[in-house]
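Here chain A shows up in two complexes: once beside chain B, once beside chain C.
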Partner chain A sequence: MSGFLQNTFNGLVGGAFYALLALGLAVIFGMLRVVNFAHGAFYMLGAFGAYVLLAEAGVPFWAALVIMPLALGLLGMVLERAVIHRLTRLDPLYNFLLTFGLTLILQDLVKSRYGVQSSPYATPTELSGSVDFGLFDFPTYRVFILGFTVLLCAVVWWVLGRTRVGMVVRAATERPELTRAFGIDVGKWVTPVFGFGIALAGLAGVLAAPMRAVNPLMGADLIIVVFAVVVIGGLGSIFGSVAAGFGIGLIQAWGEAYLSDFPIVSQTVVFVVMAAVLLWRPAGLFGREEAPA
Partner chain B sequence: MTSAVDTPAEESARPAPPSGLLTVARAPGWVRYALLAAGLLVALWLPNGLYPAVAVDILCWALFAVSVDLLLGFTGLMSFGHAAFWGTSAYVTGLVAIHAGLPFPAAVLAGALAAALLALPIGYLAVKRTGIYFAMVTLAFAQMVYYVANEWRSVTQGENGLQGVPREFFGADLSDDYYFYYAILPIVVLGLLAAWRIVNSPFGRVLVGIRDNPARARALGYPVHRYKLTAFVLSGFLAGLGGGLFAVGHRFVSLDVLHWTTSGKAVIVVVLGGIGTLWGGVLGAALVVRLEDWLSFSGFEAIGLVTGGIFVLVVLLFRRGIWGTIAHLARRRGAARRR
Partner chain C sequence: MRRSVGVAAASAAAVLVAGCGGGGPQSGGDSKLTGDKIVLGVLNDQSGAYSELSGRNSVKAVEMAIADFKAKYGDKAVTKNISVETADHQNKPDVANSKAQEMYDRKGVDAILDVPTSSAALKVADVAKEKKKLYFNIGAATTDLTGKSCNKYTFHYAYDTYMLAHGTGTVTTEQVGKNWYILYPNYAFGQDMEKSFSAAITAAGGQVVGKDGAPFPNTSGDYSSFLLKAPTLNPKPQVLGTMQAGAELVNVVKQYNEFKLRDKGVGLAVGLMFITDIHSLTPAALAGTTYTDAWYWNFDQQNREWADKFQKETGTRPSFAHAANYSAAMQYLEAVQAAGTDDADTVVKALEGKEVNDLFLRNGKIRAEDHRVIHDAYLAQVKPQAEVGEPWDYVKILKTIPAAEAFRAPSADCKM
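Our next item is the complex of A and B:
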């Protein structure tokens, strides 16, 4: 029983990263119709930035947790204005290709400066050790991640649900044409929303630094799993992306725990779920068909 | 694909109905034969002007690019997971060549058939989505194949890769890349002709019709999903043909052949050559393979920086690609002369 709870906890922590990344992808897609391939690269930059800040300037984790999302969000806004904006009138595939190119560039920039080895990042002392839940122990840092992510999702949820900005973002994400038809200038929200999505990816990266190996390729494989997550949840749905993120985290953790004799299964289970969802609901669990193709 | 803003025809690299394919068909016969003859002459000369090993890679990548363009340019489907077919064929070809000792064309054929077989379920699921979703779904399934190859070490040797893929051909000595090039040239030309034949067949016209207006094609009674799936499987077969030859060419198969960067590189090659031009992919393959060889030879390590940079620039400034730009200029001159 305690083992099961522990695995469940682990699954939720893993799912928290998927949820943060998928949430960012979903709002960016909603506003810009851009599937941002570079999302994983920004996650990597978040983790690497935290590492560089600590190793070369002595900036602690808590400061990095604020600095990196802000800096990356700003970089995202600059990129949106400089390049992504130019392709918005074209087929969304062009921006997918553009961000793929950006991913290769960002990865290689970091790789050529820091190599491909993983860099260690110490858990902040306030969060080391573990919390005793009676039935089982759980590392304090992971408890923190889970609490922080759930809180963050709740705040984003509140902003999206209760504020005017949130209303526009939700409307534009789920029914873009209709939103424009109501005379709402979706255009002016595009750049800040892109920056916000990137900031979320950077934040996830900083959170990952003490827990996962910090290296230039850490975002590359993750982003493809996140793509599968948003196909499962439905890319047009913000709630679907977050729910599928946590769900896939759980399924992966259970797979790793109970099917450890079959490592192929635990690594590919997310794609198997994706195949099943495509068979049953091609638009994703919480998605709508955009237009009959 | 379903964006609210219509893509202006002039801006789009994907040719509007009367351009690309149909214009090529309308070009005077002698121009087409002259181009074909010139292309064949260059192909025959190639290993004399380049390192034969690089020339072999160009041939393999040319097939890969044309297979991707068959979907992207002529069916309107951007597969971002074609490494799955290229790589699966490379592994199957390598395994067949090592364990059965068959002549290499038979091993490559087995590899390409395995790739087509794999393309069937993946394509069946992927064609349920279009546009950007299709790209994400194919990418995800390709990554699944990558994980399987990575974990299934007893067969694939994991990160060590398959070593010592033989170049067996009835005892002929093909160890020199120079002769190997001429041994695979007929296979590659056959593959390219097959792609040309597919595109210029009634089947190919239906694909273009689906690309331009899926709703209209469905209304005309064409089973759209089945056409797309057939195109996907054919494309998987051609990609597999290239991947198998690549495996024999290198006598070695590494996990890289299945990595998502390989899928991405195939799309770069097509975009650089010109989406929807078929032969543009061959040019793109020649340029990218040559450039990468040159970069690694000169000790430059951040190759992704250059290929990524090319990608960004081409997408931003040069969406028609090389062949597409040439065709566009020729078309404009032709139109001016008629006026």
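Our next item is the complex of A and C:
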């Protein structure tokens, strides 16, 4: 029983990373209709930035948790203004080429300066213990990630659901043409929303640094699964991407724990789920079919 | 006057050294080298996962060997015209194949060195056999290079899966704990390592109470379900043996520490680790971990002096792969010097059965039967952070494993 709870807990922690990344992808896709293939690179930059801040300036984890998302959010806004916004009217192939190329550039910049070897990043001492839940104990750092992510998703949820800004973003995400028709200037929200999505990716990266290998390719490995998560949740659906993120984390953890004699299963379960969902609901679990143009 | 005394002394030393090294014809100007030059080829990973532990710094190590060779023989050197060609095989067997052909055919390379990644290494062995040119493998671990894929022109230098398993598996079972849980990446290298380790553990009187093949590559980067399982097995394992490498090893170790398995009585043994891995994980994360090392830069004065020179060139301390590249280049040049020719068959004869002691090879012997180069290996343990006196001095050597014991006997699968 305690083993099952521990594995469930782990699944949710893994899912928290998927949820943070998928949430950013979903709002960006919703507003800009751009599939951001560079999302994994920004996740990597978040983790690497935390390492560089610590190693070269002595900036601790907690400060990095604020600095990196802000810095990357800003970088995201600059990139959106400089290049990304030129894509929105073009064939989606261009957006694939641009954001994928951006990934390669960012990865190689980091690689040329810091090499391919993983960089060290220790768990902050305040979070290095473990929490005793009676039936089982669990690393404090993982408890923190889970609590922090759930809180963050709740705040985003509240902002989107209860504020005027949220209303515009939701409307523009789900029905951009109709929103424009109501006289709302969707254009001025595009840049900050892109920056916000990138900031979330950077935040996930900082959170990952103490428990995962920090190297230039860490985002490239993860992003494939995150795309599957977004598709399962429904492209552009904010709630769907968060729910699917946690769900896939759980399925993966259970698969690894109870089907470890069939490693191929735990590795492919995400894509099996994606295929099944798409057969049943072509727009994803919480997505809606785009209205024909 | 002073200069000619120096030259005379150097030549006398050269004659003496060459004499001790097995003799052979001395040749000055009248050498039988093709094009009156020697070209060494370093074919390895220059931008990917193995570029730090080998990569461009292996090229530097080979250049250091050439410089030392020239200094040693001076005017008596078989040629002064020695150069290095290098190429990046990106860890892809097909790229390794075509680069090796290009090196032998068009760049005039006499011997290829390094070639990490077992699948790529085996391809180059085929090319060497076909072109009848020398090949010293350093970076790859597969025992097939001296087993069913052995050939007359291929030498396997630094290490292999048998050496790793025999050292770490045997000694850790005898000294740390009998019950093991093995976690391995589920592909050729990991499966080979798991088999070698299980065999060594059982032979040493231990048992494998559980083993799991983790997905490779593990896109989620998470090993928690395996790590949670380890202490719950019955009987409880005293050792977690991880066969992961590179970034995957980093993930396993970070999470091993997160779940505090050492406090729960499960020690850590690593199948394959390079000093660069310890550097990226920090010794604090690995303190107490045992592994088998083929060479350690701070083992004795000789190693340290060379490591100082290497650091001046590269800014970092050498891994065992760097030292082995230096040694292989040097032994090849010595063999050509002794033979007076770069004819591959003659050089192979000069190398076969030779007993060597150099920077890397301690009690070394180039075995004639299967071209396995045997030498002392070491059981190493990562020091606690408090005992790390200077950067990169991360391990203490628990035990020297004698050359004859460290490597397997020639395999019946090898037919030259």
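The working rule: the second predicted complex is superposed on the first by the 290 of 293 C-alpha atoms of A that agree within 3 Å, B and C clash if a C-alpha of one lies under 4 Å from a C-alpha of the other, contacts with A are read in each partner's own complex, and residues count from 1 in each chain.
In the analysis below, contacts are C-beta pairs under 8 Å (C-beta built on N, C-alpha and C of every residue); 3 or more make two chains touch, one makes a residue touch a chain.
Given the structure is predicted, the values throughout are model-derived calculations rather than measurements.
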item	value
Chain B versus chain C as contact partner of A:I224, first or second or both or neither	both
Contacts of A:Q267 with chain B and chain C, given as first, second, both or neither	both
Touching partner for A:L235 - first (chain B), second (chain C), both, neither	first
Which superposed partner A:R162 touches (first chain B, second chain C, both, neither)	neither
First, second, both or neither for A:K111, with chain B first and chain C second	both
Partner chain(s) touched by A:E256 [first = chain B, second = chain C, both, neither]	second
Larger contact residue set on chain A - chain B or chain C	B
Partner chain(s) touched by A:A213 [first = chain B, second = chain C, both, neither]	second
Contacts of A:A275 with chain B and chain C, given as first, second, both or neither	first
Overlap of chain C and chain B interfaces on chain A (superposed complexes)	111, 221, 224-225, 263-264, 267
Complex interface listing, chain A residues touching chain C	3, 6-7, 10, 13-14, 111, 115-120, 122-123, 130, 139, 141-142, 208, 210-213, 215, 217-218, 221-222, 224-225, 252-253, 256-257, 260, 263-264, 266-267
Chain A-facing residues of chain B, complex	1-5, 7-8, 11-14, 78, 80, 125-126, 128-133, 135-137, 139-141, 143-144, 147-148, 151-152, 214-215, 260-261, 264, 267-268, 271, 301-305, 307-312, 315-316, 319
Chain C to chain A touching residues, read off their complex	47-49, 51-53, 186, 212-215, 217, 219-222, 224-226, 228-229, 232, 246-248, 250-251, 254-255, 257-260, 276-277, 279-282, 284-285
Chain B-facing residues of chain A, complex	33, 35, 83, 86-94, 96-98, 100-105, 107-109, 111-112, 176-177, 180, 220-221, 224-225, 227-228, 230-231, 235, 263-264, 267-268, 271-272, 274-275, 278-279, 282, 290-293
